[in-house]
């Protein structure tokens, strides 16, 4: 198995709160990797540090064999990491299609001059962007809403659109922050199919999720965070039996380190 | 253009072609109609076109990129003073119009970048204050840089600016077509400014429907999410800022040449606010809004002078509110009420950032 | 040496006024994340209302003692400004709390110009002489250094007000509610804080401070007019940012520091630039400071919060 992402001793502190402590983990190419833990365990912080929204206090990420620049989101996306947000963050006044097209920004090149003169290259690139975006909408199953302004989409469709937008950046690693939150059973089942499809098409998936059933049914491996520390990392079946994990979730034991 | 077409009441939706022609005819015939009311109205239309350029430029910054720039008029000033320095008896330099215009645009654009670099990391409201401060600093310099070396000639301003000269064709002179028929200089300026506005619209429309326009809109709607899809927000903000400033600079050059003199009082904070109100009033983020807003609010003071004053005299026997006060009152109320009641503006056309028709074409293939 | 002491003294006086205004900005910002552009104009309304009151009193009771007159003028100006603060919040800002972020900002700018225009309608465009009820005859505590009683009054009064405000915010129930609301609206309202009332209260207190500052400002310069609030408003905002916006102590510190920088700068700019720039450039110091702070230390001198509440 080839390693895609390696986090080495990542730490992040907010004032007096140690949100992440020495978190190290390895994600292999082609797997679905789950990141779980009780509320406030540092999962989203981990995503934020990984994608450059926050600068870590210590540690580093190695992606595809070389270190990721910290705190430079656009460079990180350029290297092939895309994410979605726990509370959906779409470009509300843009249509579904335009949202996905915006997602393609980093893979396009047209410059000011080309745009103002509308030269052949720019027109061709624009046409391709439009087509790809439409394909992407089809891929997640919402192409009939291509022209709908995104704030008017249903909740489930917004989630799908956000995934489509992230995929439009052509990532190798897709980081999903609680994609099933607020979904009903049918929608969750459809989401599961979609994620499996994404994995099948060669994108590695990292997943924060509360829906234990979804995580256990979907992930190849799962890491558990508690109070900013990794307390377990294993295949789902093993993690479920892990004592420290059970304690963390039930709140029974003391701070399990 | 399409936005403008669909903004035409009633006709716009039913018969876009007719609406399009209506707009073109109106644009061409406007100065002739204005002439019926007197030459000063043609002059007012000329100024309205300059305001349109300013509103279009500011709309790029505020409406597209979501950056509130309260010192926008400073870039207008940079353009106007560039023209005054390089084409007037003040330093006795008279460079040709086609040299000064790009210089004015470039200086304004550079001023935009210089101001933008330090402040664009900031949140929107800080940006508003810093740009406001920048506008004031420029004004303070314009007012005071006449001592110990006279650069700006202080509050008196600079007189006798060269007129616009298009390859030997002086727009300030009436065009003698035949022996007894000539076209007034104000008309010449009108059509030249109109061409500039049309050029700007095409320019901006192309930007809007491009990867840059979408990135701006994305940044405006949700900066964090924009970063998360790989948009280099700092560079794009700088671009928006300097592009907007460039428009301001071009408009400033035209203004200086047209008016023939420049002085600090043309570039007060109130002017920045007036241009902002035009954008807000018409509808932030759409081109038609900027055009309609600029047109309506540029004509407002003149209409007030011609209508409100006599009206007050007949109603109350004397003038309670002079037109200038009334203008400020209406501008400030427009800003507040628009935000409260109709935040999308008078023309809430949804701006388009893509050509979805590309799809149908390729799907049909 | 005398110049230095003199400039420091002048700086302290004007700095105290900035600090009072800055408190209003910072309280509102701390609680709503809104720059209330109209805050400086509330100051102007305070000064002009006080002026109007004094004129009235001089007409009906010419023999009244200056202190009584000043007190009454303040007693009128403060409630008027409080009403304005309350009305602005209630009619405009409250409805825009969940609007896109530019909307409240643009409304605030509109508010600022609306107040100026209304003042222009009521009081005209002219500069009015502001009666200097406290003596402005300079005293010379040190040879070559001048200080007027009104300046001493300004420094002492602002110090007292700031102490009072600190007590209000840190020791009282409503103060605790304010701090809770600033921390997190939703949680505060879940804990039973009437956040709407707290926000309205914040505006009202800020406006009251602005009224006092307006009277001080006008007394110090002996002049009042409809546009007088703009510059001090802008500078006080700078002071709030300098100290760390959202932080009360910071606003006070920022005001004083800004006052000192400005006053010393104005005193020495001619030497520093070899006569190229003179004291008419005094106003640019605030902006330069604002720029520098925002670039190098956006959290301000004492600030903690750089929250990205969009």
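Quick notes on this one:
Note that the chains are named A, B and C in the order they appear, and that numbering of residues resets to 1 at the start of each chain.
Convention: a contact is a pair of C-beta atoms (placed from the backbone, for glycine too) under 8 Å apart; a residue touches a chain by one contact, two chains touch by 3 or more.
All figures in this text were calculated on a predicted structure; none of them were measured in a lab.
The chain with its Cα centroid farthest from the Cα centroid of chain C is A. The chain occupying the central position, as judged from C-alpha centroids, is B. Rounded to whole angstrom, the centroid-to-centroid distance between chain B and chain C, based on C-alpha atoms, equals 34 Å.
With centres defined as mean CA coordinates, chain B is found 42 Å away from chain A. For this pair, chain A with chain C, the centres built from the Cα atoms lie 47 Å apart. Multi-chain contact residues of chain B, defined as those touching 2 or more other chains: 222, 224. Shown for chain C are the residues that touch two or more other chains, of which there are none. Across the complex, chain C is touched by residues 62, 66, 68, 70, 118-119, 121-126, 128-130, 132-134, 136-137, 140, 143-144, 147-149, 222-224, 269-270, 273, 276-277, 280, 284, 321, 325, 328-329, 331-336, 339-340, 343 of chain B.
Residues 51-53, 73-74, 76-78, 82-83, 85, 89-95, 97-99, 101-106, 108, 110, 112, 115-116, 118, 122, 125-127, 129-131, 133-134, 146-147, 149, 165-166, 168-169 of chain A touch chain B in their complex. Contact residues on chain C toward chain B in their complex (touch as defined above): 33-35, 92, 95-96, 99-107, 109-114, 116-118, 120-121, 230, 234, 237-238, 241, 275-278, 280-281, 283-284, 286-287, 290-291, 294-295, 298, 308, 310. The part of chain B that touches chain A in the complex is made up of residues 203, 206-207, 209-212, 214-215, 217-218, 221-222, 224-233, 239, 285, 350-351, 353-356, 358-359, 362.
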